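What follows is a pair of complexes built around chain A, which joins chain B in one and chain C in the other.
Entry: the complex of A and B
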């Protein structure tokens, strides 16, 4: 049954973000702010970087503010952090990505001014940006989100996030369904999904953690992963991608959102997150951790699978 | 004289990724001690299990391996101190990923074999070879490698129509 989702707080959130942005820009606390602004189509939103106090009124927060802006601080706009202290508008999931990037020494907390957003959820797809937010149109990641108030930000609008009563956890349900299948059925499922991939690498481009200057998957001496969009290379790409993000992925689901072929990428990410939690009690969170689960160890780690 | 070699219908191809300090030396010991083990295994040596990237395993399967063995020093014995501890975590995670995409984990074996354990090397290799032999060839990855995205066949109405308009 479709339930509406209360996003009435977003007006107050928008006003508060604008006020704060104007203040910190005019006081010179930050040199630029990365946030969201209305885009051309009705209801749509797009990332924006502002550096003038007068532009603060352009900032908004709506259910169409889907992007994880953390990516703008690692590669897309590498020059931004160099200009000085940067303000950034973050949802809870985006903040986890920032925490991860700080743990990997890509960013420094003291160079950021975090404007946290109390978030009731965003749209799963912005193809129709003017869609109302409901239990159907909400992004699957939001059905599993437990951090609607980003903690330890420099500024968070003082509004109360309405609780969403019992949304069905979409990834958990799908993972359970796949786990119950036989290996052959699972292989068939992923083979079909992966063979859709056109190797546009949009998923890699949008991921805040895919910041390597040269991706293993682009190298050709030796070539580890076939680059043509054929089933074999696709399979390898997806396994390598999932593996390289295991223990790092913040769960922002940007990869899945941008995939033009609708491949459920975040399903693999969630599955790995679940396994790493079971194996090593690791979870992506807001705490800056110096070492992730796959670059640390204990001498008591499970080795029941090793002879 | 060598003992009579049994003939099999299917000889699996096993790729072993081993660390040079322990398992490779262990395999060497098995050889110099003239122990017999299935010749199905192709040994690739690495400085340490910490250098064995999961993508190597993937590549091995894609290139036609029916089974893969990864083996190195026992925990605490790694010559780079912690390489095998890191590898242990990485492969624990990688196994879960492979399992989730539908790969039969019986084809993938991990072991600790020290330089003194020639006997254990023989045991591990024999067991994996026999297990994989009974499972038959690993067809999934080979099929993938043979498959083209588009075969060149004009086999759907849309393609036919588009073709005729050229």
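Entry: the complex of A and C
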């Protein structure tokens, strides 16, 4: 049954973000703020970078504020100047990406001013942004989220976040369904999904962790994997993506949201996260960790495969 | 010539074409996403949604082999692909914004180099267009000189009627042949009322004014404010019915392989990356500028046409909400301002 989601706090959240943004820009505490602004289409929102106190009134927070803005702070986004301290509007799920980037020495906490968002959830798709937030239209990640109040930010609007209303955990349910299939059936499922991939790399371009100077899949001297959107090249891309994000992806699910072909990419990320938790007791979260399980070795690691 | 066809007879027409060995490409669901794909049964057709990707791929596929090679010792064998083997195709349920893009693409694919793959498929394809009865606030066909009932590009054009079925109007010899060969399925159009047409909810802009501004503003701070947030993917170009850039790659082993033609996108950093390492479009706003310039200036300069049909796909699917209709409306306004200043 479709349940409505209460987003009445967003008006107060918007007002508080605007006030804080104006204050820190006028006091010169930050040089710029990355946030969300309303856009032309009804109900839509878009990322915006502001540097003038008067522009603070453009900032909003609504169910259409889906982007993980952390991507703009990475070295892959050369267009956003990284001078001085930068303010950024973050949801709990986005903050985990920032923690990951700090762990990988991509960002320094002291160069950021974190404006945390008390969050009741966002839309799973913004193809039609003028959509009411319900248990059906909410992003699957939000059905499993327990971090609606981002911790250790420089500023968080003082509002009471509604508790997660016991929504069905969409990824857990789907992973359980896929795990129950035979390997042949699972292969068929992913083969069908990947057959739709057009190699637009939107999934990679929005990912805060895809900051490689040159992606392996873009190499052509020599070519490392097939670049063509055909079965072999598509599988290669999706395996590279899943493996390189294992233990790093904290689940903002931007890849899945932006995929124009509706490929459920975050299912792979969640499954990898589940495996890493079982194998290495590792979880990507708010804590800044220097080394993930796939780029470190400890004598506690399972060595039973060495025969 | 105008005719009537019921939904049932329309499906019968498609099924009969399929049984004759024709490739019938129409919107259908593939793993949850509506795409133009070959049908096995007319019943699989999903006619009430704009497919996620455009109709161009019936002529210009996402990926195609253009040559194969084989090497044994010193012997190298190259083999061309034979386009005459392409199947006779009927492309069905094509919305005005998709159908109109196809004649626009003819210009570039038959310009100095005749693209035999595109042109052969074009020759062998009959296009059945369909008027739109639904639009959203990303649609803007009416702002680029089309309408939700524009038959441009279609060989046979269908208008949905109240109570089901379609009024069909032939637009070319191909369309006439299709009707003549299946006369028994069509009837007189008496007494039917078309469903109300879609009303795109996007404001208009003047394409001439937009072009006049683009002519003078290759360098302009507006490009930064428009596209600093662009993340440089291929989503906008790949879903666009009019974008047509491609990349040629050789894939295979040293012994055998294929030369392939794949869609490319000006949003990618690699698009203009030179072998020397230099990239003239070194930042995202310069890449996005090319998207707008190519559509509303260069293509017009070269072929007198606009490379956008207002389908709105790039607006709906841009990960960061870059809205081409909004940009064009803003440019339209800037020009007005310039004029006022000049007059005062």
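We adopt the following convention: the second predicted complex is superposed on the first by the 297 of 307 C-alpha atoms of A that agree within 3 Å, B and C clash if a C-alpha of one lies under 4 Å from a C-alpha of the other, contacts with A are read in each partner's own complex, and residues count from 1 in each chain.
Convention: a residue touches a chain if its C-beta (ideal position, glycine included) is under 8 Å from a C-beta of that chain, and two chains touch if they have at least 3 such contacts.
A quick note: this is a predicted structure, and the numbers were derived from the prediction, not measured.
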item	value
Clash or fit (per the criteria above) of chain B with chain C on chain A	clash
Which of chain B and chain C A:199 touches, first, second, both or neither	second
Contacts of A:190 with chain B and chain C, given as first, second, both or neither	first
Chain B versus chain C as contact partner of A:275, first or second or both or neither	first
Touching partner for A:157 - first (chain B), second (chain C), both, neither	neither
Chain B versus chain C as contact partner of A:100, first or second or both or neither	neither
Residue range of chain B overlapping chain C upon superposition on chain A, of 23-31, 41-49, 59-67 or 149-157	149-157
Chain B and chain C contact sites that coincide on chain A, given as residue numbers	195, 229-230
Chain A contact footprint on chain C (complex, rising order)	30-33, 35, 52-53, 62-63, 136-138, 224, 228-229, 231-235, 237-239, 247, 249, 251, 260, 262-263, 265, 268, 270, 283-285, 315-317, 319-323, 325-326, 329
Contact set on chain B toward chain A in their complex	53-55, 58-59, 62, 75-76, 82, 85-86, 88-104, 109-112, 124, 140-141, 144-145, 147-149
Contact footprint of chain C on chain A as seen in their complex	39-42, 44-49, 67, 71-72, 77-80, 126-128, 130, 192-193, 195-196, 198-202, 204-206, 218, 220, 223, 226-230, 254, 257-258, 260-262
Chain A residues touching chain B - in the complex, by the definition given at the top	178-179, 183-191, 195, 216, 224-225, 229-232, 235-236, 238-240, 242-243, 246-247, 268, 271-272, 275-276, 279-280, 293-297, 299, 301-303, 305-307
